[in-house]
Amino acid sequence: MSAAREDAPLRCEGLARSFGGLQAVAGVSLALPAGQVTALVGPNGAGKTTLFNLITGNLRADAGAAWVRGRPITGLKPWQVARLGVARSFQDLRLFTHMTVRDNVLAATERSAWFWQPGGAAGRKRRQAAAEAALEATGLAALAGARAIDLAYAERKFLSLARILAAEADIWLLDEPASGLDPASRTRFAELLRAATGRGVAICLIEHNLDVVAELSDRIAFLDQGRVIAEGDPRSILRDPALAAIYFGDRHEPATAAAETTA
Amino acid sequence: MLFLQLLLNGLQTGAIYALTAAGFALIFGATRIFHFAHGTAFTLAGYAYLFAWRAGWPGWVGALIAVAVATLFGMAMERFVYRPIQRHEGSFFTVFVAAFGVGIVVQNLVGMFAGRGLATVDTRLSFATEVMPEIFVAPILWIAIATAAVLFAALTVFLTRTHAGVALRALAQNPDLIRTYGLSANGISVLAFAIGSALAAPAAIVTAMTSGLNEAIGHHVMLISIAATIVGGIGSLRGAALAGLMLGVAESLALQFVDTQWAEAVSFLALFAFILFRPSGIFGVAMAR
Amino acid sequence: MIAYLSNLATQLAIFGILAATLNFIVGYAGIFSIAHAVFFGLGAYAGAQIALLLVPDVVLACLFAAAIAGGLSLCLALPALRVRGEYFVAASLGLQMVAVTLFAELKPLTGGIGGLVGIPLPTLFGVPVGVLPVALAALALVLLATALLARGAFGRTLTAIRDAESAAEALGKNVAAAKTLAVGFACAGAGVAGALYALHTSFVNVESFTMEYSVLVMAMVIIGGTGTLWGPLIGTVILLSLPAGLAFLPFIPPSEVGAIQQILYGLAMTLLMIFRPAGLVGDLSRGRATA
C-alpha cells in the first residue's frame, strides 16, 4: 500500500484547513492511483470540495502537503497546479458562458496567457485536433458553434467535461459530474471515464448518488467531518452499516465506526 | 490648537459623510444594488433646500421638501431604472452605467436651472464664534453631529425593533423570510431606497449651509459614500457610518500637513489602499469576491 | 472649413483610439475602468515633455507616452488582480481622483493647473508632419491589434477570465499575467492617444483628463457596444459629432450646448442600459454578461 502511495500520480498527506472555529478538513491523507476512479463519499459538509480546493491551490492549507508525481505542489497557485496536469471541474460548472462551445474547449488547450501560444502552426493544429476530439467524445460536435449559455443542462455538464478532456491532464478532480444526468447521459459519462482510466488517468470524483458511485468507482474514500474514516473497494464500504448510518445522518457512534473500518 | 480646530471641522464633515454613507450602505446591504446615483439624491436634496430658502420659505419647510425630493428620487430610481434592469439579469455594470447616466443628466439640469458653481445658503447657524482661544465653532457643527447621532439611533431602532426593519436586513440573505412577514420583496426594496436616500437630505442641507453646493457635488458624495462603505466593510451599516466619520476627520486633520487640494485625495488614497490590502474593510468579514 | 473638418477628424481618431483600447479591457476582459483619462493624461504629459525638451518627433513622443502610460498601468492592474465588480470600479474612481490632484499639483512635470503650453508642431524624422495622418495610422494599428488579439488565444483567455475566472485558472491560465498584459496594452494605447492630443492641440492641462473624460470615453464604448470591433468607433463618432450638430440648432443657446450634449449622452446611457444593454452594435446576450 505505501509503495503504491509513493507512486501515485497525486498524493496528499495530512491536509488540514479550518474556517473560523470549523475544522473543514482535518488531516486528510489520500493517494489517487493511476488508471482508477476514486470516489469521495460522505455527508454534506464532510469537506469534499474543500479538499479539492486545498489540492488545487484555491485554498491554502493550514497543515499538510500534496505531491503530483512526487513533486510538491503545496503553495503553488491554481494555474501552476493545473499546468502540472491536474484538471478539475466545479459543482456549479463555471463555463465560459458567452463563448461558443468550441471556444470553451479550445481555451482549455491553450495554457499560455501570452499573445502567442508555443508550438507555432503545428501546435495550433494539434490543439485544434484535441479540441475537436474532446467535442466528438462528449457528443457536443454538432453544438460547437452554440454559446455555452444556450446549452441544456446535460450538455453543460458534458461541456465542463470536454474542457477537462481537451486539457490533456492525467489527474482529474470532478465535483459531482454525474448529478442530475439522465440514464443515457450517465452511460456516456461512464464510458468517458473508462476510456480515461484506460489511458492511465487518475480520477477522483465527488458523488452523492451511491448507485453512481457503485457503478463508476474502483475505490471509495469515505469522508466525515473532515477526515477519511474509511477507504477501500466500493463493495465493502457501501455495505458497511456504520458508514451508511453516518451517510444518511443517523449518527450514533461515529468514533467506533471509524475505528472498525480503518482497522 | 490648530489640531483641535481641525478635529472639530473634521467631525462636522465626518457627520455628513457618515449620514450619506449609511444611506448608501443601507441600500446596498438590503438590495445588493451599488447605488451609484446616491450622490444625485444628495444634489437634488441640497438644491431643493436652496430653492426653498431663496423663495423665502421657513427652514423646516425647506428641510421637508429636501427630504421628500431625495426620497422620491430614490424610489423612482428603484422603480424605473434598477428594477427593469434587474429583470433582464443586468450585471452590476449595466446598473452602474444607468445610474451614472442619471447622475450626468441631473448634474447638467441643475447647472442649467440653478446656475453653475458654488451656491450656499446663508444662515446665522453657520456663523462661527470663538468658544475658546483660537477655536471657532458654529452652531451648525452641533446640529450636524446631533442630527447624525439622532438619525443613526433612530435607524438602529428601526432596523432592530420593527418588522419592516428586520425584513429590510433580511432581504439580501433570505427573501423567503420577507414573505413570512407578509411583506413583498419589491416593497422592502423600495423602502430601502426611500430611507437610504432620505438620509442624504440632512447631509445635503448642512453642506448647503457650510461649504456650499455645486452642480457636480454628487460625484464627490458618491465617491465618499463608496469609500466609506468599502473602508467600513461592505454589509456593515455601523462600519460605513464610522468610516465616513473617520474619513471626514482624516481629511480635515490632513490639512495640518498638506494643502487643501490634497485633503480630498486622502479619502481616495484610503479607499485605494483598502481595496488593495484589505478589501473586506475594517469591520467586514471576508468577502465573497 | 477644411481646418474644421481636419480638426474634427483628428479628434475622432484620437478618441477612437481611446474608445477602442478601453473597449479591449471592458468588453473582453471585463475590467470596467473609469480611469482611462488618467492614462490619456499621462501620455499627453509625456509626449508634450518629449516635444518640449527633446524633439517634437511624433513617433518618439508616442513611444515614450506608451511606455509611461503602459508602465504606470500597474496602478490599475493591481486592483484588477485583487478585486472585481463594484470594488474595481470604486478603485478606478479613486485612482482617477488621486491622479487629477497629482496632475494639478506636480508643477515641474505637468505645469500644474496652467498646464504645458507652446508644444512645438510635430515632425517625423525631422520633417514637419500633420497629426491627422499619424493619428489615423495609429487608430488603424490599434484596431488591427485589438482585432487580432481579441480573435486569438489571448482574447479567448481574457473572455474566459471574464466569464469564469476560477475555471480559467483551473485550466492553467495565469490570470494575473493576462490581466496585467491586457491593462498594459489598453493603457499604452491611451498614452499614444494622449501624445497625439498634446501635439495636436499644442497645449495640455488637467481639464482634459478628469473623470468627465473617463466617463465620456466609457459612454462611447457603451453606446456603441462593448466587445465589438466597430461599436466603440460608432460611439465615438456619435458623441463627438453631437456638439457640432447641436451648434446648428438655432433654439439652443451656445452656452448650453455642452450641458445639452451631456444630458443627451447621460440619457442615452441610462435608456440603453434599460432597453438595450448591449449597445447599438453589440449582440444582445453579450451585454448581459454577469461580472
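Lettered A, B and C in written order, each chain numbered from 1.
One rule holds in what follows: a contact is a pair of C-beta atoms (placed from the backbone, for glycine too) under 8 Å apart; a residue touches a chain by one contact, two chains touch by 3 or more.
Model, not experiment: these values are computed from the prediction.
Colleague: Counting only C-beta pairs in contact, which pair of chains has the most of them?
Modeller: B-C
Colleague: From the C-alpha centres, identify the chain that is farthest from chain A.
Modeller: Here the answer is chain B, farthest from chain A.
Colleague: Could you please state the distance in Å, as a whole number, between where the Cα atoms of chain B are centred and where those of chain C are centred?
Modeller: 30
Colleague: So, what's the distance in Å between the C-alpha centres of chain C and chain A?
Modeller: 43
Colleague: Averaging only over C-alpha atoms, locate the centres of chain A and chain B and give their separation in whole Å.
Modeller: 48
Colleague: Residues of chain C touching 2+ other chains?
Modeller: 289-290
Colleague: At least two partner chains per residue is the criterion; list those residues in chain A.
Modeller: As it turns out, chain A has no residue touching two or more other chains.
Colleague: Under the stated contact criterion, what part of chain B meets chain C in this complex?
Modeller: Residues 34, 81, 84-85, 88-105, 107-109, 111-112, 219, 223, 226-227, 230, 261-262, 264-265, 268-269, 271-272, 275-276, 279, 289 of chain B touch chain C in their complex.
Colleague: Can you check the complex and tell me which residues of chain C touch chain A?
Modeller: That would be residues 149, 152-154, 156-157, 159-160, 162-164, 166-175, 177-178, 181, 285-286, 289-290 of chain C.
Colleague: Applying the document's contact rule, which stretches of chain A touch chain C when the two form their complex?
Modeller: Spelled out, the residues of chain A in touch with chain C are 56, 58, 77-79, 82-83, 87-88, 90, 94-99, 103-104, 106-108, 110-117, 147, 149, 163, 167.
Colleague: Show me the residue ranges of chain C that touch chain B in the complex, using the header's touch definition.
Modeller: Residues 32, 78-79, 82-91, 93-95, 97-98, 101, 104-105, 211, 215, 218-219, 222, 256, 259-260, 262-263, 265-274, 277, 287-291 of chain C touch chain B in their complex.
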